[in-house]
Structure formats: structure tokens, C-alpha cells
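For reference, the structures are reproduced in the following blocks.
You will see chain A twice below: alongside chain B first, and alongside chain C after that.
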Partner chain A sequence: MAVQEFISPTSLSEAQLVVGDGAASSWLAGGTDLLVGIRLGARDPARVIDLKQIPELTAIEIDETSVRVGAAASAFDVLHNSDVPSLFPGLAEALNLIGSTQITGRCSAGGNLCNASPAADSIPALIANGAQCRILGPDGERTLAVEDFVVGPNQNALASGELLVELILPRPPAGTSDAYLRLTPRTEMDIAVAGAGVSITVDESGTCTAARVAIGAVAPTALLVEVAAQALVGSQLDQAAIDAAVAAVRAAATPISDKRGTAEYRTHVVGVLVSRAIANAQARIQEARS
Partner chain B sequence: MNAYQEFKMIGSRPVRPDGLDKVTGRARYGADLNMQGQIYGHVVRSPHAHAVITSIDCSKALAMDGVLAVMTGDDLVKPGNEMLGSGEGAMALKDVVPMVMSQGKVLFHAQAVAAVAATSPELAAEAARAVEVTYDVLPAVTDVHKALAADAPILHNDRFPDGYPEEPTNLATHISLTVGDPDSAFDKADVVIEQTYSVPMCHQGYIEPHACAARADAAGRVELWCCTQGHFTVRHYTAAVTGIDMGKIKVTASEIGGGFGGKTTVYLEPLAVVLAQKSGRPVKMVMDRGDVFRATGPAPGAETKVKLGATRDGKLVAADVECLMDSGAYNGNPAGIPAFMATACYKLTDARSTGRSVYTNKPKIHAYRAPSIPQVTLGFELAITELAAEVGMDPIEFRLLNAVEEGDANMMGAPYNRIGLRECLEVARNHDHYKSAVADGAGRGMAMGYWINAGMQSSATLNVIADGHVSILTGSPDIGGSRASMALMASEVLGIPFEHIHPQVAATDAVGHCDVTGGSRTTLATGQAVIQAAEQCVAEMCRRAAAEWEVEPGVVAWSQGAAHYGDQSLTFEELASRAGAMGGPLTFSTSLTSTSTAPGFGVHICDAEVDKETGRTTITRYTAIQDAGKAIHPDYVEGQLQGGAVQGIGWALNEEYLYNEEGALENPGFLDYRIPVASDLPFIDAVIVEVPNPLHPFGVKGVGEVPIVPPMPAIAEAVYQSTGVRFRDLPLNPPKIVAALLDN
Partner chain C sequence: MNKPLNKMAVQAIINGESTAFLCSPGQVLAEVLRDELELIGTKIGCNTGDCGACSVLVDDRLVCSCLVLAAEVEGKSVQTVEGVANGGELHPVQQKLLEHGGLQCGICTPGVVIAAKALLEHNPDPTEEQARYWLAGNLCRCTGYDKIIRAVLDAAKTMRGEAA
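Up next is the complex of A and B:
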């Protein structure tokens, strides 16, 4: 069965109207997963609804408290925004790792999230930054934390007719930075064997006052590892604290062995990535202060 | 030596004639030909790795609107014991037909079982799904050791290797050669190394998938357009597989996006021809990437046992090599090359070399750049390096002490002519890379490699055009810049500008027979045909000038693109424009079987840094040194050195065929079949050494294959030097390295 219908609504209300009849539809943002899925026969929507003509969905807005990234805003647009990469260098690292330059021009953080791959690069980075999902559905709006949005491999929390409108990231407080690292055998054009997103806040004395640690590709969904964050908060990010955080993420990881790596390897290397991501975020904070 | 010691054009680097079209997207590749009324073929493939086909029902597919033809293996020839070709390219018909389409039994996952042709690619795909095939599924075996076990499922009940009793086994071939008395020679050794090394099955990874278009006329003649390394071979194989007379088939080679040995046979071409005949319409077929990985010929995985003995002062005294190779489902003859050539770089009077190959439920292996030698060389060269370390010698010094030179014989018996292995080793020893300090945390490895290089049949036709330009037709598909090389060689002989020479790859009916572009033979052998045609042209032009001047032809000299006698001269352009009045069109065709080949040798140096926590290896510096005889166009020689090194890096670090329990390939795409990307690689420093081949008019030696031979052992040694852990089984991917480091 080929795609029978392609619709390009220009407003959220029009998009809502379109899906009202309940026919099997797929939202299209960049299409870098959807089109590949259709070609491989893994996805077979009768109707494809393009989201890129809806202004809210491609907008990137920044105010005093938050950064709002439209769900279909391309990774390229986020990466070339005047503020987002400096506010969230780790998120920028993650988006920049998705595919080639050409893919980065099409793909979106919202699409990467909705596709809900366990190995998605942007999801741990979004979780680390406490991102919230603004969802619009037939019954109105709701908000969900990114860590709760993905419910299983390639399964998200959207009900029929619901649409991810935007991602809302709280503006990081002073002394905060983030970092994302993944392990791939190749330098690029590859998929994470393990990934780690970390955001930390460090005060003038060097004490870590807040932390969020997220890991990817080592469980059915990306995980927020609160035990790892607790190991860091209150510490000077000394070796003992780092070791405790590493042990916590290794304990939280429940990876599978597959063609991309063994469970043992993934468990080991996700700890290495978390340790290095903490160091990178810490260095960014120090650099901003100096 | 030869008449061309002072080269004017050879060794220069003009822009290749095909370059602009390639970088601007205008070059026409296999899938770029579209014909009026064309329809599209689609292959039905087996979901099982080992099964008997109990029925194929195409009736529902054929009944669909827009479906114009269906076919099965019954539409192809039933092979007996016919051989296709001889020598290096020899292949049994019974090993070719089933790689095109199965006949009754399926021996690997995704093997073709039927095909359909319809008015659109989508409809053809849908019709393929409507073909009903029933199978009796058999257990599959994809591991060579399991395939040799007593309880293994047997792939062929009717094949018995030479010298074995007629009882079913999966052993495909067994070849063993001995020189001297290796068993007692080991007694003379002070140090003996005995280790086992392994390399996984991998794919050539050419970027362009197989593609072709066929049309049949009402008189039964057939035209084919396809991407191939040898359209004369496509004609031969297509005729043999379909039963159509070879003379009724015309094949045109498209531009080609990589082959590396993998495009020296047929897969889709006979199917397109049969579907075109059945439908009466032109048929286009394009293989998708997954099927390229699943159902074309990869390079064999291999396990090599190496036993080497040396005296305490570093003299190699004995070798015993045994290579066990994966043949896939049919006989790809991978075992002979390791048996004949494993020891080819070393002076050895006492050695034994054995090759065995085994049937498994995987696609039949096919040629990949110096076929079978990289696999055995991983073991042999690493063992040499380990031996050098045991006796406390630098690995290059150890090799210089034992390297073959002119007059030495290898396992095949014939002594080497003038070769350049020692020169390459000396360049390596004196190279800045080898003399520089190794960075902290990194390691350095070096290794050398050999390839026999082929000669075989080539033809060329040179047509002089009235404006003084020249067209050169050969039948050698250009996979590595050969048109530029042909034009340079003709320019050298004729003395006219490179830009006035227009080299083309001509169709099978437009030029004499050419064997495949393979065996690193094209610049050497087809180049020889071009040189001879150009020399005939010069001789004829001198004869015509002599007639004009009423002198003996012998007194006319040719230089700088003109005939000279005394103060008289006639230029190439004048002779070309007046050809009609001076004796008629100037056309020169030559054909030859080249016996001028010379083996190639190379030495590679690699620095690698392993991240000890993640197991990732970064190649930080790489130098590839090779004796090219004479580099006709140095850019393309360097390109061969760099490309071979890159493919070797991929094979060493990450490339690997991964099969599941059911015998299906788990990574049939470039996402999980990891060839290197540009950012994975350092600049590959290519160093050309020129020790001219005395048998070739320009001193040429084949260069294309040697560069993939040394990388794997060089990289494995560098990883050992970086980690302190000896790895003998490739690929050296991050999980394997971390597991070993954590164990240590």
C-alpha cells in the first residue's frame, strides 16, 4: 500500500481538523526516519501530514525563562540559532551528530523524540536539560517531561490525533552547562552504541548544586538516572563522586547485545561517556567563568 | 631498456577526460539509461538460507494489470560441468547460474528464485510479492568449522574435491604445495612462532549497486547496458546462462561507481535479458543496497594458521601456512591463491602452504581486490612481526634480511624478474614516518604485501580524425582512471597533445575482445595494446611521409608529433587531414595476450591510537609505499594506494558480515556495515617507488590490488603496540578491544 494522501496544513487548527477522521496518518517533520521507514516497508501510512508549513512548529523562541523549539524546527536551524547552541552546547552536540549535514538540514529534535529510538541522540540531551513536551490533542493541551514521553522502543506517549507542538527547555541558571557524548565505531554517519547527556550546575566554590544525568541506547528508552545526579550534587565533582555516578548509570543500564555491541560493552562504555560528559560540562562552566 | 626513457607525457597529471562529467553529475551510470517503452524487473528472493523449493506459482503475479513477464530458474540453462573462461577468470557455469537464480534448491538467504517485469518499479515490487513459493526448509550453516563438523547439513551431495572419496562433505577445495622439507627445516630454527589469525567475511562496498537495462529485437538479438568491470565477460556469461548465442548479444559498459572485483560476473543481466525477450519490452533492473550485501559475492572470511621458524640472527628458515576459507554456497575458488602466494614476499627454501575452502549457506564469494591474499597476509605478516620481535630485530630490518629479490622463486616455482620489494622496504625505513617518534599512547605497525598481477587479453583501436585528433577505443571499463592513462600513453607515442586524444570504453561489437578490468592488468595490458596501435600509426604516417618525399621509410624520423626527413616535415595534423589522398583512413587495431606482467609489492606504515576506555581506534598517520614500475598518471596510482589502504582500514577495524542463527545477514546496509567515512581517516601518504618492469615498453606494473594487502597486519600491530594486547582476530572493533583490555 503506498501513501494515498499528502496534506500540508498551515495552522495548528487545520492540522487538528485533518486528523479528526481518524484515518491512519503519519506526521511528517523532516522525514528522515519516516521516509526511510516507508521505503523499507516498516511503516505504511495511508496519509502523510507535513508539519513544516505551520509557523509554531518551526519557530525557535527564547524569553527570560525558557527556550521553545518548535517540534519540526530543523536541527540546522537550532544549531544556527544565535543563542541556543551557547545556552545548551550539549544539545547542540547531540543534534549535530544526527546523520550527515544534509540530514541535519531536514531532521528535527521533535521528530527525533517522536521516533523514539532507544539510540536517539537528542533525547538524552533533552532529558538532561529538563525539557518538557507541549502536546496538542483533540481534548486540548498537555505537558509531559521528555523522560516520560518515550514509553518503549519506537513508542511514544502521543494518543491518536495528538501532536507534539514544541519542546520547552528552562533557561539554565548561572553556572550551568551541559554536554552530550555518544560512542559510535565511526566518527559520524553512525548510530549510538551508548549515549550520555549531562547537565550540571556548579557554584563559585566548585560545589555541584544541581545535576541531571541521562543515558541512551542502554535500555528500551533513554533513562534519567537520578541516583547518578544525587551522587554529584553536593560534591566538588571529585573522583569519588564521579565514580559513584558512573556506578549508578552502569547499574541503571539494561542493554541488549546486538550487532552494534554487547550488553557488557554498552554497560561499560556508558559509564565512560557519563564521566567524560561531566568533565566536559564542568570545563564549559569554568571557561564561562574565566 | 626501451625507446621511451625520456618521457614527455608519462608521469604528468592532466585532468582525466571523464572527470568533469563525474563531478557535475552528468556521467551515466548503470541505472541512468532509460529506453522508450521500458518496463521494470524485480527479483523474488528466498526468505530462507537453506531450503528445497517445492513449488513456484507466478500465475497471480502474471494476472496483474501491467505485469508483462515472469520467470524462474527454469528459464535459464541447466548447467553441467562447463567452464567459463580459463586461467584467473575461470568459473564453472554451475557456480554462476545459481548466483543469478536458483534452480530447485536455495543455498543462501535472499537467493533469487523468480523475477517479474511490470510497467512501474512499484508494480513490479507488488507483483513480486504475489509470486507464491513454497519451501521445505533445511537447517543452515554459516560457520566454516560447523560446516566441517560430522553433523553439518550438506549443501551439495554431488561435489567432491580432488583426492577425496565420494562421500558428501562441505569441503569445496583442498590445495597444498610444498617446497624443500619444511618439517625438518623447523629443527634448524632457534625461534618458532605458531599462531592462528582470522579475518571476517566482508563486502567490496562499491557505492553503485548493480544495475542494467536490456532490450531484445524481433530477430532474437539482445542489447545490454550495465555497470560492470568487463562487458565482454557479461556477454560471455549472459550467453552461457541464458543459452543465447554470444554473437547475438551486444553489451555496453556504463560508467561504474566502484567494483573492486565484485563486478566481474553477472547477477541481474541474464534476468533482464530473459524478461525483455518474454515481454518484448526493454527491461531495466536495479538492485537495492540490501540485496547487494545479501546476494552478491562478498570476500571470503578466513582463518590462517601460521608456523614460522627463524634463526637467532633473523634468518627465516621454515614456514607452514594453512588457510581455511569460506567459499559461501558455491565454489568461488578462494583456496588456491593463499596456497600459491602466502609466502611470496620471503626467501624460503622450505615451506608448505595449504588452502582449503568450505561451503556455507552464504552467497558465493567473489573477487575483492587481490582476492584471498589480504586474509592470509594478516596471519603471515603478523607472525613475521612477532618473530622479528622474538629475535629482537626491527621489523623492517627483519624483512630486508628475508625479502625476495630478482632470481628468487616463490611457491609457484618461477623466479622473479626485476622486482621492487627491497626498494620499498628501504624507502619505508628512511621515511620520515618510520623515523619519527610514536606519539604517547599510540602504536606503530608496518607490513608488506604482494599481488601477482594479471596480463590477459586486451584490444585497442585507434582512429585518426581529420582534424588531427584521435579516438581510442578499448574494451576495458575505466574503474581507476584508465582512460586518462590510455590517452597519456598514446600522447607519448604520437607526440600530440593529451587533449587531442579521446579515449572511450567501446561496446562489445565496436572493439576487439578485452578481458575484465581486474587483476591490476588494464594499464599494463590494454595500455600495451594502445601503445602498439599508436606505434603502428606512427609507422604508417612515416611511410606516407616517405612516399610523399620519395625516400625510403627507414630514413624518416618521428618526433614531436611530426615526420621529419632533412629539413622537411609533415605534422600529425597534416597527415591526418590529407589521409584520404595519402592512402586512406588511418585506423589501427591491435589485440594481444599480455605476457609482460610483473608482480607488485608494497609496504605500509600505520600509527594508531586506541582509546583504552572505549576501545575505539583512531588511525593517526598512514603511509603507503609501492613499486608501480612506472606511474603513467601518478594521481591515479596514488589514488589506488590511498583507496586500498582505506578499504584495509575498514576491514581491520569494523567491517564484518554478521549472520543470525537462521542464516540471514543482520547488517545489509552502510549503517551497520561500517566502511570508513572521510572523518575516520588521516591523509594517506602515498609514496610511489619506480622500479621499471623490464617486460613492458613503459615499465608499467599493476598497482590496484597490492594496496589492500598490507593494511590489516600493519593496523593490528599498531593496535598491539598501543594497547599491549595482541589481537589476532579481526575486526578490531571497540567491544572486542574493551573486552580484551578488561580481561587483561
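Up next is the complex of A and C:
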């Protein structure tokens, strides 16, 4: 079997028409997972539907309340957008870590999310920022939080024929910043042993008023750890609060042992990464205020 | 499958020239460049986007041509290593790779040339660290990278009009 058909719709309605019930079709964004999957025999679509000629799928739009990133917008385009990297430095850190320059030029946050690797870098950063998925399907539109979009290793919540149109991130309120950190044996071109995405809001008195903490590569899916966020909110981000958040993420982690690290090592490291990501986000907030 | 694959007609600008070619819907750009258009400067190494040997520019964006479907470049501009030199005159990146001995077996070189040229167009004055990160997706098993990096930084100097 091989790809029999390549279609490049130019509108959402045309995409829905060509995908029909979705049988034997694959959406193509940057292709950095799909084309590798086809080459290795893991994916076998008869029809490939390119999404990059659909304006909504590659647009990056910013208004007073939200930032909308088309699901097929490349990481390179997001990283070179005039506003997104300063609004979400942690999301930019995560996207910049996906593969080489060549891969960053093609891969997309939407594709990274749909591919649903437990170690995906952009997913904890998206969860930390409260990103929502706008999904279009044969039965209409629905919205799903990123933390609910991935349902298992390499499994997402899209039904056959459904399309992830865009990621909607609420615009961060004043005094908010994010950070993403991962551990890899190399500094570049590697897959996370553990990852941590954090977004915090700190008021003028130094009190943390909102927080979201997400961890990656330490469970079947990236996780939003609400207990960790609760440990931070209301605190001055003092050592006791950080220690409680670290304990919470270590308790939430259920990693596997593999060649990249043992379960014990991953559990330890994810706590360290969360504490450092909190410090990085806090430093960014202070820097913006000074 | 006994059913013949549908061939698609694609029109693109390749190294500045309007070019038409036929491809199968699932055929990747690297294969079409080499097998249909006889632009065999572009090498296929891993065929899974890890090694960078097949690097080309599509609308000035650095990509692995093994991870781009040929049908995707309809209406776009593609630059391969064959389009880098100006006739007999080498591009500074090529000239400096030659001078610094930044290649041995040569398989990675076309991809390195394209990626380095893209770097210097994007950032005319990269630090060594920036150059190393930008080129991290171009694997070389001969040089140990040091001579490649020196050549690229030297080419950057030349392109900025500074004396070597």
C-alpha cells in the first residue's frame, strides 16, 4: 500500500468535504512525524490531506484576550512571531527544543500535540498556559483543554474525520510568566528524560496568585498537577511552597524505566525541573517589573 | 497494489528556473530531486529527518527534503546545492569549507552548505554557539564539526566584508 492521493484544500469546509468520515486519511501539517511514520510502516494512509493552504491552520492571531496559533503553524513561525515568544517565553523554549533547525522549520505545536508522545516538549508548555484545542468535526465544533486532548501514549482525542484547527491560549494577565525545562543527555536533538512547564502569576507584594504546573515524559501523557499549583498559590514562592510543589509532582509522576533513565531518576529529575522552572518564571516576572 | 499510482503534475521554481515534474502522491522531494530532476547533489542519508544530508530551502526555509512531499512544493521556490555557486564562482560557504578542510567523504557537505548559507542569510554574524546549534541537524561523521564551524564563521566574515 502507498499514498494514493495528495489533496491540498484551501478552506476548512473543503477539508471537511475531502476527509469525509476520515477513513484511510491522514492530515499533514509539518510532516515530521507523519512522513517518518509512513516510511517506517507505522502509518499507512491512502490519502494525505495537506493543511497548510488553509489560512486558519497557519495563522497566528493575537487580540486583547487570547493568542490563537493555527494547528499547522510551524514552530519557526511561532518563534519568529513578533509577540508570541515574549508573551510565552516558556512555550518558545519548548518549541525551540523540538529537533533540528530543519525540523523546527516544519513541525508545529498542533502536530506535536496530535502526535501525543509522552515526551513531547510543547505539551507541558501548552498545558501550563491553559491552552484550549478548537476541534472541527463532522458533527460540528468542540473545544477541549490540552490536558484532556492526549488520552494515552501516541493517542489523541480526535475522532475519525475530526481536525484540530487551532490552539487558543488566554493572554497572560499582568505579573504572569512561564518557563519550560527538560533534561536530555545532549543539549540538542534529543528526547526528554523529563520535562516541566510552569506558568505563574505573582502580584506586586510577591504573592503567587495563580499557577499551573505540567510535567512531561514521566507518565503515559503529560500531566497537569493541580496539587502542585495549589501549593504555590497564596505563598511567597518560599522554599516550603516550592518543596511542596516538588513533592506533588514527584507523587504524580508514574514514569517508566528505559534507556534514557530509570523511573526513580525521572521522578527525582522532574521535581528539580519544576523548582527551576518556577524560579525562571519568577525571574521573568521580576525582570518585566524592574 | 495493482492499481497504478496517480502521478501528479507539479510546477515549482527550482534553483531559479521554472520546472515541471511528475511525482507520486506519496513521493518525497529528495527522491524527486535526485531521480526525476537529476539533481543528485542532494544526498539521502537516514531518510527520516535525523541527518540533514538532504537539506534544501523551500521558500527560503531550511528543511529536510526527505520529510517534504514533492507535491507540497507546488508553486514554491526550491534551492538545492546545485543553485548555490554563481557559475564557476563558489559561494563563500563552499570556498571556506574547501580552505578549512571542512569535509572529507562529502556526503554531508551539500546539506551543510545549504544549512550554513541559510544561517548566514538569517544571522550574518552568528556566535560559535549559534552556528553549532543551527547546524546541529547536519550530522558529519568525518570532521568532528570543528573545521565546519570554523569555515562557516570565516565565511560569515567574508560575507560581512571583513578581512579574514
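Assorted remarks:
Heads up, the rule we're going with is that the second predicted complex is superposed on the first by the 288 of 290 C-alpha atoms of A that agree within 3 Å, B and C clash if a C-alpha of one lies under 4 Å from a C-alpha of the other, contacts with A are read in each partner's own complex, and residues count from 1 in each chain.
In this section, contacts are C-beta pairs under 8 Å (C-beta built on N, C-alpha and C of every residue); 3 or more make two chains touch, one makes a residue touch a chain.
A quick note: this is a predicted structure, and the numbers were derived from the prediction, not measured.
In the superposed pair of complexes, A:Phe76 makes contact with chain C only, with no contact to chain B.
When the shared chain is aligned, chain C comes close enough to touch A:Gln102, but chain B does not. Judged by the touch definition given at the top, the superposed model places A:Lys259 against chain B, while chain C stays out of reach. Of the two partners chain B and chain C, more chain A residues are in touch with C. When the shared chain is aligned, chain B and chain C each come close enough to touch A:Met189. Within the superposed three-chain model, A:Glu5 lies in touch with chain C and out of touch with chain B [touch as defined at top]. In the superposition on chain A, A:Val269 contacts chain B only, with no contact to chain C.
Comparing the two interfaces of chain A, the one with chain B and the one with chain C have residues 2, 188-189 in common.
Contact residues of chain A toward chain B in the complex are 2, 183, 185-191, 193, 259-262, 264-265, 268-269, 272-273.
Residues of chain B touching chain A in their complex: 122, 613-616, 653-654, 658, 666-667, 670-672, 674, 676-677, 679-680, 733-735, 738-739, 742.
On the side of chain C, the complex with chain A involves touching residues 1, 3, 5-6, 8, 24-26, 28, 47-50, 52, 55, 61-64, 66-69, 71-72, 74, 115, 118-119, 133-138. By the touch criterion given at the top, residues 1-6, 8, 28, 30-32, 35-36, 38-40, 48, 50, 52, 74, 76, 99-103, 105-106, 188-189 of chain A touch chain C in their complex.
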